[in-house]
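Just so it is clear, A, B and C label the chains in written order, and each chain counts residues from 1 on its own.
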Amino acid sequence: MDDHSPPPSRHLVMGFGDAANLPEADELPTESMPLNMGPSHPAMHGTVRMVLEVEGEKIRTVDVQIGYLHRCFEKEAENATWTQIFPYTDRLNYVSPMLCNVGYALAVEKLLGIDNKIPERAQFIRVIVGEISRITDHLTCLGASAMELAAFTVFFYLMKAREWLWELLEEVSGARLTHSYVRIGGVVADLTDDFCPKLRDVLRRCRGAISDADKLLTGNRIFRDRMDGIGIITREDAIGWGLTGPVGRSAGLAYDVRKDHPYLVYDRFDFDVPVGSKGDNFDRYAVRLEEMRQSMRILEQAMDRLPAGPVLIDDARVALPPKREVYNTIESMIAHFKLTMDGIVVPPGEIYSFTEGGNGELGFYIVSDGTGRPCKCRVRPPCFANTAVLNKILPGLFIADIVPTFGMINMIGGECDR
Amino acid sequence: MAKIILDRLAQHFVAGEILETGSQHGNEWARVTPAKWRTVAQFLRDDFTTALDMFIDLTCVDRLGRSPRFDVVLHLYSVDKKHRVRLLAGVPEDDPCIDSLVALWPGANWFEREAFDLYGVRFVGHPDLRRILMYPEFVGHPLRKDFPKEGRQPLLRRLPGSVD
Amino acid sequence: MPFSVYTSKLAQAVNWARKFSLFQYPFVTACCGMEFMATWAPKYDIARFGAELPRFSPRQADLLIVVGTITERQGPVLRRIYDQMCEPKWVIAYGVCASTGGFYQNYSAMPGADQVIPVDVYIPGCPPRPEQMLDALVLLQERIQKGEGHSQVVLRAERGYLAPDATVRPDGDAEKAQGR
């Protein structure tokens, strides 16, 4: 040929954009491929199944299927006495179990009408262990997400910090993870004698571990490339989908139950609530990092002002009497027997009580019909709403973006599926 | 505290639509006739005084022995005014249908799917009403009071010799 | 030396290698996963026992650790993962939920992972302490050394190495276990 141009069937494609301009592009058959990110997957914390429809690496649609850890919290609660539900609440958000315990206890106490008679020391202790649980929640979230982005060192640093906190909670409650420490009317036992000095020491070391993780991640080019601008949630999304907690605050929705509707003794502490602006993955990471530091501020103030006194309400219809009295007086023995066999008698009524859980507004909607068992004990799970928004923000991202986005949403299977 | 919500409801709707209101333990609640479920919710969201723009929770309560048997319960919150309300609607057992609120709040999608899955209440107008917590082959609605707690429906044949 | 001495020494050597190089597949569902992560973390380092590397593909793993509650919905998934693993393979049920269902006796929680897969070592606890996991790992290693893990017994039965009246717990495919 005298024009020396390549024959039409052999166009050189120099860049990705050229492929769409080829005349054959309209006839090239393309179809999206269904891909299953199955329920057992290392990046699916716990068990979530995502049925993706992908075109190359880009996601077109996603169907997030939960329910692989449905352990029937509500059905079990309907068959248990009010105090027997505490172990079930531990296993809801199992990385911050004290917060679930406290939320449930507050709801039942309001229904009983004793929420203003809880001893002050018990309220301070609830705040202290709740904030420790919040720190362990964020440590686990950031550690696991960093591990999935191949930052193993950060995972080990944060797990080491979590171990220290768990040892402290083990001294207080007896268990590292599923404490069942809170009771209706207070907490089950007082703090150990050397708890406060040990907690101060642990907080000092935790600050070091968190700042190590911060230095490794926040300025890290690879980490920022994977997190910046990915998975953006707007403020309108947060309001329409009911997103609260770090996810909602990173989108610009400045709602924190501890500040807006203070409960226990949170109104006496001076702390800030970090609020993001862009609503991407990095904002969620930064909000959680800063929240840990603010929780440590609350802990220091709470330890300074911890009053002396009883830790359980002195009402035999609600709380077990002390063992010495049970063995020596007949009234306490009868009260102990009735409480153990029949459980607390809560008058008929219903209530929705909400606290700030690790992931957002943790609500307990409790309906009592006057028998010893709840008629309905519903948890309003914050990460149920947070996980639902994935159906909106994942389409358009790459498959590799699912990992940091899902990690930063912090879906806890026990809370989402209950 | 949130009495203003109940006052606005009383102003805007007639007594046949708002059946009952009350305030207990610091919660304000209003019982709505199910035919007006979506209208009332939309009013509460769009009205300037109530401004209940944030969706919090939607669930269902089974009151076995009472007619209507199911209560669909909605919790709403206002980010600006910081008040909240609970709306209830009684849904009968033989035809448990009520309007879907997905067009008003996209977050209601999964909560309504869960209420359908566990109680059997159908939400008219829901884009994708299917089971969410139980598997699709499951028969029945497990959180109803007449469903046994240990009513397992195994998907997989058990190994011989295993003890249930 | 008789041939059987070589094979038994070889079997011992192979089992020694197997027990100290377990590639685990952590089938993590629930709260026990947090304690499992803690076992993996620096303080209770499971790498000391050679079982550190998690292989997130069943094709590459030989130790399936069922961590957390198994629901009925998860049953077929668990069975499929178990079937995809190559023999010899071992299963540890970590936690009471994976062992017997725990205190979840309801319409959705399966009463133990051993309803659908055969389990070698059960670890009670809710959640078990990391020391229990390490103890179970040592127990499993002893079983592997003696060749008494379930999958090892089934393999020997298939190849005709077991006495005819030896009882083999069926693997779900009873014909495979009894056939020679």
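Simple rule for what comes next: a contact is a pair of C-beta atoms (placed from the backbone, for glycine too) under 8 Å apart; a residue touches a chain by one contact, two chains touch by 3 or more.
Computed from a predicted model, the values in this text were never measured in an experiment.
Colleague: So that we know how the chains sit together, what is the shape of their touch graph: line, ring, star, complete or other?
Modeller: complete
Colleague: Tell me which has more C-beta contacts between its two chains, B-C or A-C.
Modeller: Higher contact count goes to A-C.
Colleague: In whole angstrom, what separates the CA-based centres of chain A and chain B?
Modeller: Chain A and chain B have C-alpha centres separated by 24 Å.
Colleague: Using CA atom averages as chain centres, what separation in Å is found between chain B and chain C?
Modeller: 44
Colleague: Where the centres are mean C-alpha positions, what is the separation of chain A from chain C, in Å?
Modeller: So the centre of chain A lies 31 Å away from the centre of chain C.
Colleague: Indicate the residues of chain A shared as contacts by at least two other chains.
Modeller: 67, 70, 72, 75-76
Colleague: Touching two or more other chains, which residues of chain B qualify?
Modeller: Counting only residues that touch two or more other chains, chain B contributes 133-135, 142, 149.
Colleague: Could you check chain C for residues that touch two or more other chains and list them?
Modeller: Where chain C meets two or more other chains at a single residue, that happens at 73, 106-108.
Colleague: Quick check: in the complex, which residue numbers of chain C touch chain B?
Modeller: It is residues 72-73, 75-76, 79, 105-108, 110-112, 114-118, 169-172, 174 of chain C that touch chain B.
Colleague: For a test of understanding, state which residues of chain C touch chain A in their complex under the given definition.
Modeller: Interface residues on chain C, with respect to chain A: 27-31, 33-35, 37-38, 41-43, 54, 56, 68-69, 71, 73-74, 77-78, 81, 103-104, 106-109, 126-127, 129.
Colleague: Which residues of chain A touch chain B in their complex?
Modeller: Going by the criterion above, the answer is residues 65-67, 70, 72, 74-76, 78-79, 110-111, 113, 239-243, 253, 255, 260-261, 349-352, 361, 363, 365, 367, 375-376, 378, 380, 384-385, 387-389, 391-392, 417-418.
Colleague: List the residues on chain B that touch chain A in their complex, please.
Modeller: Touch list, chain B to chain A: 24-27, 53-57, 59, 61-63, 73, 75, 79, 82, 84, 86, 105-107, 109-111, 114, 118, 131-135, 142-143, 145, 149.
Colleague: Okay, in this complex, where on chain A does chain C touch?
Modeller: 38-42, 45-47, 67-72, 75-76, 87, 90-91, 94-95, 140, 144, 155-156, 159-160, 162-163, 166, 176-178, 413-414
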